[in-house]
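Both complexes below contain chain A, partnered by chain B and then by chain C.
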Partner chain A sequence: MADGTIKIDGRTVPFEKGDTVIKAAYKAGIDIPHYCWHPGLSAPANCRMCLVDVEPPPGRPKMQLDVLHWDAQTNDYVVGKKTKLIPACQQPCADGMSVLSDSSDEVSQARKTVQELLLLNHPVDCPICDQAGECDLQDYWLEHDRSKKRMMDEPVHKPKAEVFGETIVYDAERCIMCTRCIRVSKEVAKDPVLDMRQRGNRNEIFVAQGRTLDHEYSLMTEHVCPVGALTSNHFRFKARVWFLRSGRSVCQGCATGCNAYLDYDPRDNKPYRYRPRDNESVNGYWMCDSGMLSYPEAYEGRLETALVGGEDSDLADALEQAAEKLRGLESDGARVAIVLSAQHSCEDNLALAHVGKAFFGVKDLYVARRPDGEGDDILMHADKNSNSAGVRLVAEKLGLEPPRPMSALVEALGKDRYDYIVSLGAEVDCDASRLKEKLSKLKGFVALASHEGPLSKAAHIALPAASWAEAAGTYVNAKGHAQLADKVLVPRGAAHPAWQLVLALAKALGFTTDWKKRADLEGVLFPPALEEPSATPAPEAPATVEVQP
Partner chain B sequence: MEPLDIELDEGELELPNDPMQVNMGPAHPAMHGTVRMVVELSGETITKVDVQIGYLHRGFEKMCERGTWTQVFPYVDRLNYASPMLNNVGFALAVEKMLGVTVPERCQHYRVVLGELARICDHLVCSGAMAMELGAFTPFLYFCKARELIWDVFEEETGARVTHSFGRVGGMAKEPTPAFKEMVRNALPAVRALIDDGEKLLLANRIFLDRIENVGVMPKDLAVALGWTGVVLRSTGVPYDVRKVHPYLTYDRYDFDVPVGTRGDNYDRFMCRQEEIRQSTRIIEQALEQMADEGPINIDDPRIVLPPKDEVYSTIEGTIQHFKIVMEGIKVPAGECYSYTEAGNGELGFYMVSDGSGTPYRVRIRPPCFATMQGIEKMIVGGMVPDVVPTFGSVNMIGGECDH
Partner chain C sequence: MTQAAWTKPAPRTPIATKVIARPQRTPHVQSYVPEWLKGTALTMKHFFTNTKERMLGQKRDPVLENFDGGITTIEYPEERRPYPDRYRGLHRLTTRDDGSPRCVACLCCSTACPAQCIHIEPAEYPDGDERRGYERYPSVFVIDELRCVFCGFCVEACPCDAIRMDTGMHPAAYDSRDQFIYDQPILLSMVGRDGGRKTENPRHEPGDPTHPGVTREHESH
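After this line comes the complex of A and B, so read on.
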């Protein structure tokens, strides 16, 4: 709800109480160049890049300073006037305020001079710098400066490749002292482990004595760094950003469901990093380190081929054999258990639960999930599964009891309650060896999994499912936000979206649904469109299941 | 061994009266430029011809959508490879039109000189090859020698003899060499003398004249209707020359004539080319006269023109400028444009769309040859097979620009 409007270069921009000029502009999509300001951090106004000309109230004189201009013709200084410019990141909006940004020559001159100053001691590093291609210094130089610096002296040299911690390497020469990393540590991670020392062009960032940069949000310091001063040990020298493409994903590390961009190289179909995707109602602007470093799960430990009795098999054959195992069990629900997965999308779980209920007539659902871990009061949730709430939602929609934990399945298997299991997911939160022992007595066990794990190993037939990055899917976080993660990568090996595999298996058993594409399943769970539909939807999964038994 | 016709009835020995089909090309010595003509003959007279182009199709327009605007230059070199510099300049002018910039005057004269030199080469190759295909090998060598003199200038200026990739958005790749004017001024008289000599060998030759006069006639109105431009159009009597009608660069400052023909036959096309060569030398002399010896060649805008190499290696500003232009490309404002110049064969047009990024969204070329090839059938039908050779030779079909 707007509390008033200001004018930026004559354009009316609404603001809320407490907004600064730059924040109002940011929300309106107007770019006021800046280095030190970040929407999620406090504003120290130290880079001076966002200086704007705030026009005086009506009837008041313009605030001006006396300055000396060099006059080349008379070879002498002449007294002149200069408008007092105000940093947009610290100037609160007032109703009716008029701000000149791009339209003021004095502002343009100030930006040019600030940019020249920031590059005075900058090393010629672009060819070897990971930031090149997404560096504000590069962008703003071309946009606002476009001239050579006037300083002829040798630039100041400072430490390079200083190790700040396990994740971060610091290059003091590239640093422009915006202090974003200091503020991230202090304000987001609540661990003020970074600070700056020295003054002027000797200025540099340092880690508190006896410490390393080891808090859970250390990669956020690199994420906010507008230049190449902080680089991530995991991304350093691995890829060039102009070769990467971004997909809109959702972090699978815990039940917070942080919005993220998954940056991947389309040439090798491999992800290289996560970047937080701004979402005020979920993760703000941030992600934790364990989430940021979970992108290799898209290719590590994957189940890429179908397994029949532990041996690699053709997917079509495996589906046929799986159907063979489960044939004749229609409405024999008491002997069949369905295991859902808190790490698979709602669509995958819905397909399996629906087939379980409507075809086998099962009453009992179980859920495979990763064991709980550490949580904090910032972003990390103790539930390390991305879709626990989604699984409960699926059961509720189908009118079934909430899924029971795997320990209950172990117990039930101990009483020989089930002869057949169809499971989804890889990891379990119970004693794996005990589970395996019980599972070995089953007559038929079909596991769908994106990764190798106790379930896929124990199964008679394991079918390779697409990972979260390889199929679009909806995930419900702990706060109940249903969020769509786009298809980013091409499925590895023979992997297919799990819901497609489930439907193909059901079809082989003689059970068909009218679900043809992923949106059909999403529509069952979330009748109206999601709050935030993907602006650029990824190519939809093939409408029909290609694998036919 | 028994005679082969032992079992044939007498009736079957009759002469066949079906029209005969003769296939010329795409790899026929007279079909330079990889084009195929399926000719249907009644006796020796051509009754029907099916002209098939596309044998040199490389997906040039699609390739342009991949790299940056600057990376298109090597592709346009290979459009009309007989005069790459004219294509370079044509494309540079098109991008500059979208950017709304004009190169410095010195560069405009420089582009004119290099372009006209390329036009001379283009016409020399066409006329020479046409004569050679009619058996006159000596004039071809004369013309090649003249071209050689011009190529020496190109080699000195651009470092390459054929595919220069010398044009740049906002200027040229390099400044003119200090000896540029002198080299061109020395070369021109020699080129003219060679052309005069070569021409004398042809125009006093009865056989040559008989094979080109009143052969491959194209009426004026049909040429206009088919969208013909360039020499082939002017030979029919239409004085349309982009340089005169819609002057670009500094063409409005030179005194030159547009030669036209009267009948639109092979002779007129040949003679128009020869005269255009002489007019080009006139333009070159005037341009050299007007071109300043000092001054910038490239426009002064770091967003468009690359910095000097030593600055790239030693200053951060130069590195950034280089990086932004090379890795992201010149940002051309979103929009579309049609820009056209007089290339060797006529109006070479570029219709381009930009989405505001550093990569072309669409590059559509309007090659002069493409329109010309529509009219080949009209010129050939009614003639004889030997007429195909000079007629096709005189339109100077270049597969590189035609197939797109």
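After this line comes the complex of A and C, so read on.
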């Protein structure tokens, strides 16, 4: 796999053909300080922070520059030599190459100088800057500079709080002109709406005339900004990053299943933002705007208490009444329909489908899903459900027909095929009013939902399920990667993971399983346990697998 | 170490005692009246001394006089001991000339606060305001003085000299706990112990010639 090795400060680092020094170091976990380089973007080498000393091949002289040093003793300049440093983001690796980074005094001096230069006109308004706490300028100043400003002049002032678009606000004074935002627009979003104008210390980023920064990846410009120049309108002034904690999550916006960090404040149990989590095989380093802005779904429109006949109720009472409704239906599968959800985890769906098959003896599964939307050829998928493939996998594992859409359920209800329904999920992709009319004729309808929606409203008994952020769960994306999203938040209200509610309901009906914890359910679907949670392809499911409950 | 050390304890030294004679049950003592008169006389002596000193303004501060005689109490709250100059009292928010809070809602104080008693919600100045982009302001600023441990870290952390503990007042108990929740108007209404609202560290305000401005029109450097 590796095409050779280089040495960085004496440490052997493998590289692949085409890797630059900084990329090889990045893969090996060695930090070469940088602003403009990003693993997912091209390298313009304009920040000069990643300068390293590349040693010459054996027998060749070191490349040196003539410079004038100030000699304080003679009070005059003296001619001296200085090593020619090379930006690590531009230097391709060659086998046997030796690079000096942290161990070279000249490199340290260069970093200190670059850092001082970048801070020359910086307003140092860290107290009101959202980037403070995760700012490369702060980190690298502490690591490589730690000196006071020597310039006595008033810094150059540039526009502040310039609105670039609905999502992004720009502060030119804080900008260090790394051009990452320009490159994200051009290379990731394929919409070159940003560019830079002026030069030197007047340099600034601007939006193309007659345009706003409105492409679908505008928040990625803020995400890659190493300083506080670009800020997100949705996160601006909302929280200080040092109060936030991160949980590993999976975006629920579409079937791509982008890996993300969900940043939340543990003091108020509230998420504040998504950040893309690097995963080369799924989303690279990016997420789309609609995904980035889907974090409020963790607290907006939630079903937080159990509902019995539309009235708030105690969860234990609701479970008892739900069991009462469904009692005496053992092996009466023809009258019972099970509705799975493409927005719930595989575990939730497996628990419900298994109880449906083994206890009620149902043959027909249906799936509640969000209607399809627009997709693109970058990250966004037209299927706006996070676990469509997972629902199909569950049905396959249980040896049932693939779940049918909700429109088929409406049709079947029109023919009075079912008297009882147990459903999972909130949103439906069929005509909600028609569905409601049909559902009102049922003898028993129990809905498990994390959010309020047509199903929870029509149900005789609605049980509050935990959202994706409140319970660990496995989601299978459109490419077939089974990905684990961790539990990040404490469940709101009386919410519990849906699989626990299903098993509690089954127990009240007199049907028990061996499943005690989530991993038991995951083990049924993905027999070899997922070691690395992200990006493990779902194993090929055999045609007939008997579930061992 | 020998066995005898624990089998046979050392002889105890006799305790020196002092025999106190019982009070004689004379009619003088038994009748109680003379002793009561003695005690009352002492009380009345203090009463008249205090009254005289108070009327004539001769009363000395018992702390400053090092408790050398006299009385050791003061009549709080009419009389108060002076707090030291650097006494950390109730917080106040300093203001600019136009009366708006100096605070820019950076949350440095609530970050530094070990008791987590400061709650701030930052907000942005509306479009067109000269301060937009230059700084932000607190839409909500609440200090729970019951939680506060008066360490003064918030004052140290503040980059704008916006919060001070120089009111010279201690949080006083009224009739409910809610009254210890100091919100922004209360904090802004408090003054320093010298009665003033002036602060060091004046900032460049929009309109001042020193204010850098946020657009290119101001640029003259």
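Methods note: the second predicted complex is superposed on the first by the 532 of 549 C-alpha atoms of A that agree within 3 Å, B and C clash if a C-alpha of one lies under 4 Å from a C-alpha of the other, contacts with A are read in each partner's own complex, and residues count from 1 in each chain.
Quick note on the criterion: a residue touches a chain if its C-beta (ideal position, glycine included) is under 8 Å from a C-beta of that chain, and two chains touch if they have at least 3 such contacts.
Keep in mind it's a predicted model, so treat the numbers as computed, not measured.
In the model built by aligning both structures on chain A, chain B fits alongside chain C without clashing.
Of the two partner chains placed by superposition, A:N279 touches none, neither chain B nor chain C.
Once chain A of one complex is fitted onto chain A of the other, the partner contacts of A:K158 are limited to chain C, with no touch recorded for chain B.
In the superposed pair of complexes, A:L137 makes contact with chain B only, with no contact to chain C.
After overlaying the two complexes on the shared chain, residue contacts for A:R236 are found with chain C alone; chain B is out of touch. In the overlay built on the shared chain, the residue A:D171 is in contact with chain C alone; chain B does not reach it.
In the superposed model, A:P127 makes contact with both chain B and chain C.
Within the superposed three-chain model, A:K149 lies in touch with chain B and out of touch with chain C [touch as defined at top]. Within the superposed three-chain model, A:L119 lies in touch with chain B and out of touch with chain C [touch as defined at top].
Angle at the C-alpha centre of chain A formed with the centres of chain B and chain C, after superposition on chain A: 30°, rounded to the nearest 10. When the two structures are aligned on their common chain, the gap between the nearest CA atoms of chain B and chain C comes to 6 Å. Overlap of the chain B and chain C interfaces on chain A: residues 125, 127, 242.
Residue ranges on chain A touching chain C, taken from their complex, read 125, 127-128, 153-162, 171, 236-237, 240, 242-243. The touching residues of chain B, counted against chain A in their complex, run 301-303, 311, 313-321, 323-324, 327-328.
Those residues of chain C lying in contact with chain A across their complex are 104-108, 111, 122-124, 132-136, 159-160, 212-216, 218-219, 221. Within the complex formed with chain B, the chain A residues making contact are 119, 122-127, 132-133, 137-139, 141-142, 145-149, 242.
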